[in-house]
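Dumping the structure here so I can ask a few things about it.
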Amino acid sequence: MDQIFLQVLNGLDKGSAYALIALGLTLIFGTLGVVNFAHGALFMIGAFCAVTLQKILTLSKITIDPTKTDFLGNPAKIKTPYVEGWFGPDMGAMIIDWSVPMAVLFSIPVMILVGFIMERGLIKHFYHRPHADQILVTFGLAIVLQEVVKQFYGANPIPTPAPAAFKGSFDFGVMLGIDANKVIYPYWRMVYFLFSAVVISAVFAFLRFTTFGMVVRAGMADRETVGLLGINIDKRFTIMFGIAAAVAGMAGVMYAPINSPNYHMGMDFLVLSFVVVVVGGMGSLPGAVLAGFLLGILESFSSMNEVKSLIPGIDQIIIYLVAIIILLARPRGLMGKRGVMED
Amino acid sequence: MTKSNLTRRGLIKTGAAASAGLAMPTLFTGNVWAAAHSGYRNAPTNGTVTLGFNVPQSGPYADEGADELRAYELAVEHLNGGGDGGMMNTFSSSALTGAGILGNKVQFVTGDTQTKSDAARASAKSMIEKDGAVMITGGSSSGVAIAVQGMCQEAGVIFMAGLTHSNDTTGKDKKANGFRHFFNAYMSAAALAPVLKKLYGTDRTAYHLTADYSWGWTQEESIAAATEAMGWKTAEKVRTPLATTDFSSYIAPVLNSGADVLVLNHYGGNMVNSLTNAVQFGLRDKQVNGKNFEIVVPLYSRLMAKGAGANVKGIFGSTNWHWSLTDAGSKAFVKSFGTKYGFPPSQAAHTVYCQTLLYADACQRAGTHNPCAVAEALEGFKFDGLGNGPTEYRAEDHQCFKDVLVVKGKENPENEFDLLEIVEVTPRAQVEYAPDHPMFAGGELGKCNPGA
Amino acid sequence: MGILEVKGINKRFGGLQALGDVNLSVVENTVHALIGPNGAGKSTLLNVLVGKLAPDSGSVLFDGKSVLGRKPHEINQMGISRVFQTPEIFGDLSVIENMMIPCFARRDGSYRMHAFETVGSEKGIIEDAETMLSDVNMLEKRDMHAASLSRGDKRRLEMAMCLVQQPRLLLLDEPTAGMARADTNNTIELLKHIRDSRDITMVIIEHDMNVVFSLAERITVLAQGTPLVEDTPDNIKGHPKVQEAYLGETAVD
Amino acid sequence: MLGLNKKDTMFLLIVIALTMATPFLMQPFSEGSALAQFNGGYPDLMAKVAIFGIFAIGFNILFGLTGYLSFGHAAFLGVGSYSAVWMFKILSLNVFPAIILAVIMAGLFSLVIGYISLRRSGIYFSILTLAMAEMSFRLAYSVFTPLTNGETGLQVRPSDVQLLDGPNAPEYPNIFGLLISDSYKWEVAGHVFTFNVGFYFCAVIAIIAFYISLRIFRSPFGMMLRAVKSNQNRMSYTGLNPRPYTLAAFVISGMYAGLAGGLLAVMDPLAGAERMQWTASGEVVIMTILGGAGTLLGPVLGAGAIKYLENIFSKINETVLHDWFAFLPDSIEDVVVFILSRFTGHGWALTLGLMFMLVVTFLPGGLVEGGKRFFGMFKRKPKEPDDAEHHPETPPHVAE
């Protein structure tokens, strides 16, 4: 029982990352009609926003300390972050400690800018090209983006820890009256889950309650009609691309403490997030979120020893297996609309 | 020459006809390049000898590959008499003089393994077939090492393995043309076990998380055997898919299992992520069975430790070599590497530097690059001064036997490279095994292949 | 008994009764028009006839055999061809290739893997295709890209593709929709020519009453998914019920 | 000749001539010259170009003709390789049983996957194929290790006893005793040309594969496949069942992939699981698009371009660059080398990504279209109607 509870927790957490990425993908697909294979790269760039901010905050003044030696036996160079110089050691250390949450704010303008450049510079030339071309050019873009990041940051993962306040894990066992240690869950992962819930709700609220959102939703349903009303839907769609990029970016920033970012994490998530979108139904926002959580939970359950001993290797393939079954049983995914992407 | 003539027979004919006026025709069969003259493949010509450095330049191990490449360039510099000579000065064999190998200037070509066995073989082939490399070295994973080793055996060149830790490289997949300086999973286990016993006692229950491919399995097998031999129990052995990035669902059940030690048989990105996740779950702050919960990472690498950041603090593992060693060889190597590049070398850099020197030395002593003679010179070769203390290339399986370092993540690093501290140097005798040990059985060296 | 017998067809979409108890009998070698206001269920009925939609109940017999539950290509192989509202042709292929494909379908059935013949060696097929093209005055356009044809030519091509199969029943879904007057008249002439020159039954859905009354021999009026009345064009013109339900105030001129 | 009209026969003859002359064409620079680095005329690369050419030609029959974008074709390549190596292990080191089994197994495997995946179209089809291939890769890497030898790759061991081979049979893949790895080197005027048995074996098979693909393109079947891409709806209402056509195309292209996989094993008897990964499937997509989807020669050009980039560009390390630009003043040399090294050596993937993006954006028809435009600039006469590939009556210009 407690195991099941634990794996549901895990699944929700995995699912939140999938859902956030899939949400952005679906926004782009629903509004612009573009299949964006570079979306995983946006997630990766988001994570590297956290890395970059951390690097900026730890930019250091170098002083020579003759009393110590470095690995070559030369006098040691001591690095003191400028931040510590400006705000005092304690305050400075705290600022550095909180670099990941701060990077969320930092990432929003960066990601919106990246999104605009991508849309205006590349994607807009592909609105009227076949989906295959869109897939291919964004796939090329994904390769380029990850290689560029690799040139700057190397191939190794870069640790970007969460603030010390979120260290350790919460013991649900104690709370629920089960034995201690039976059901523990890291604080930061709970933060991640809550964060994604907030972002998902914000996106839905934005689309539901603002005029802008209503126009966009109308545009998603029927682009031509909205165009006939004299509303410049293209401009709004460009902004939507920026928002989708920001959602992916924030998902990446907050994910950085969970797994140290590396340049190919985008590709790792790309296939998964596409499977999520397709399972949810191309173009359906609730479908993307639902499928994200569903696949996250299924993935967690399949990694349980009990399940693995029944079907060896099931955790290797569960996501794909589920995707195949769902696509065969429900051709348009869980909540997909008819006629989308069937050309 | 007409197109219709382009059959095999036609080629021989036209080749012969054309040669009369133009150049000496060379007819080769059976894998041979310059063999017609020298009796082995890719014999040095024009006073230069070409070595092939086959390292991952793209993919997750690209940084280790880059570090290996730095060490190779340094080794080539030293072999050609440049720089400060590095470990050539401390090496117990004095055959090398800084005048290249056998008087031939050392050149090198590089290739990208992409950490895929296919790509690695292709790039090794290209170095052998196109660039005339007489020796191939490098790699940062066992799958690649075994694949390339097999290819070098077929092609008839020497393979000096880089970072490869699987028992199989010198076990069931060993080859006469292949040599490994790096240690292996069995040695890790044998070195770690006594330390773990001393630290954590004999009444422990281990939970294994293992990368689901052959290297992971051999390490899991080795560690489980070694720890069980000293009284530990094994609660569970769980295989994790290679592509896993989030290990939470594998780590969450650990505390429930009654285990009080978590063994992470992961390497590279897997290790960084699984360790980070395990620490996030706060496992190390927990008490199980009245004992502190512990995590062990049998194979450590400083570059990976860097990726895991502060999470490595206080966690035990083993490593082939570490820059903080204070013997003369290590110091010389760190000095020349650090001076050239500005940071200390990794264990991957160290092992490939040693391999290059060892190869050059063997050629020098054998008086030829012929793989069979070189192999003979390496087999049973005892040496010292390369940073690991007295070392021997065992003739039976081409595995180096030397002391193994047990390290732990340093609690208070003094600088960004100071991530691991050496806890114990386990002497060679403790990690040695018989060539026909069951974990290594099933393979044969076969005969050396000079490619002729 | 007609060549096409539709009995008691019902089809609901959610709460909407798209077709309610439709009965229809089409006599062989006649032109039968289906008319009715928008949303009367004409296109739905057509989709049921070609196997695109499955009705909730009822039966459709073509030449005594049921067409329900068969796939579109099987229904076509029974001898039913369909012309769409917007011409459905192979835009990426040349005009002659467009014509050859139905010729192959007629000769070889729904699937045959002739991968090792060359198209050029299929003399009989090419001959049939060219004959049909010249029948519809398009022979000089044989090597054009079908997508680059004018709309009228696309319609012509589509009809030619259907006719070359020598179907026993031709279904036409608003063949003149969106056409200029001249094109419409050409199409009427073409259809008349077809009607008069071969043994073929046609079911035609049309809004343009000019087209309907120039061609049809029987007319069924549908309203709200149910046949209102079926009669000859002359009788339909003056039928009060039809005037009320469909033609409204403006009677046919 | 061979059931082809005059122009196609000419086209085929030119392809044959070019293929046979590959050892010269890919080795334009003399040994020891600075540009020798760009020589690609060594057996492994030449054979890889031929093999991946076969793979891409097959993929093009599916993608180029029917428009179905499969992201899982690497799985069939992998199946082909594994089958071939198993044949080497248990039956004979002669290449023919290996290749035949590779094609059959890949055909069966693609029949199953195609039957399931072709129930959907568009991106749903792509995701289904991707999912199945990725499952195959992951299982091959882990659970199926007894069958595939997992991470290390399946290889022939000395302990394997080939049932059909006698005691004196060669220990390496061979064509009835003629070793695949045999090479004839011809040194002439500073050039070294290598004629390798394996390459010519692959080349002959590649020519046969190309010929078959040419016949399919020109056949009624090929026309039907293009009809599928153009308008499936019309196809069904014309009495044709699109499913068997697409399935046949899928299986044919799967068999091509299996053949390529078998040949990979012939050239190098090791089958690694990575060659089944979705990125490997992506690679054949890139090859086909880069060269020109739907054209006959495009896929081969694309395969050549990518394999060349991967093997030659990745070897241009900073030391090589420094050698080249040594004539420059040091400071400029460093800058030039720094910039260029971003795109060569370890940066070759960046070049690949950029090149791919540029081609998709500006040359949707791929290199073939680029070539046409290039030659079009020098032509005085107006061009023939666009893309002759689609008109059997007007066969393509031979320059394609």
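Order of writing sets the labels: A, B, C and D. Residues in every chain begin at 1.
Everything below uses one rule, namely that a contact is a pair of C-beta atoms (placed from the backbone, for glycine too) under 8 Å apart; a residue touches a chain by one contact, two chains touch by 3 or more.
Fair warning: this is a prediction, and the values are worked out from it, not measured in the lab.
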| item | value |
| --- | --- |
| Chains contacting each of subunit A and subunit C, listed by label | D |
| Innermost chain by mean C-alpha position | D |
| B-D compared against A-D, more contacting pairs | B-D |
| Farthest chain (mean CA position) relative to subunit C | B |
| CA centroid of subunit B to CA centroid of subunit C, Å | 73 |
| Chain centre separation (subunit B, subunit D; CA means) in Å | 32 |
| Separation of mean Cα positions, subunit D and subunit A [Å, integer] | 35 |
| Separation of subunit C from subunit D, taking each centre as the mean of its C-alpha atoms, in whole Å | 46 |
| Residues of subunit D touching at least two other chains | 138, 142, 349 |
| Residues of subunit A whose C-beta touches two or more other chains | 313, 316 |
| Chains that touch, pairwise | A-B, A-D, B-D, C-D |
| Footprint of subunit D on subunit A - complex, ascending | 35, 122, 125, 129, 131-133, 135-137, 139-144, 147-148, 151, 267, 271, 274-275, 278, 282, 312-313, 316-317, 320-321, 323-324, 327-328, 331, 341-343 |
| Contacting residues of subunit C [partner subunit D, same complex] | 50, 71-73, 76-77, 81-82, 84, 88-94, 96-97, 100-102, 104-106, 109-111, 113-122, 125, 143, 145, 161, 165 |
| Residues of subunit B defined as touching subunit A within the complex | 58-63, 66, 212, 236, 238-241, 243, 245-246, 248-250, 252-253, 255-256, 269, 272-273, 276-277, 280-282, 285-286, 288, 303-304, 306-311, 323-324, 334-335, 338-339, 343-344, 414-415, 417-418 |
| In the complex with subunit A, residue positions of subunit D that touch it | 67, 69, 116, 119-124, 126-128, 130-132, 134-135, 138-139, 142-143, 278-279, 282, 285-286, 289, 342, 347, 349-350, 352-354, 356-357, 360-361, 364 |
| Residues of subunit D touching subunit B in the complex | 17, 20-21, 39-40, 42-45, 48, 138, 141-142, 145, 149-153, 155, 158-159, 172, 179, 181-189, 194-195, 197, 200, 264, 268, 270, 272, 274-275, 310-311, 314-315, 317, 319, 345-346, 348-349 |
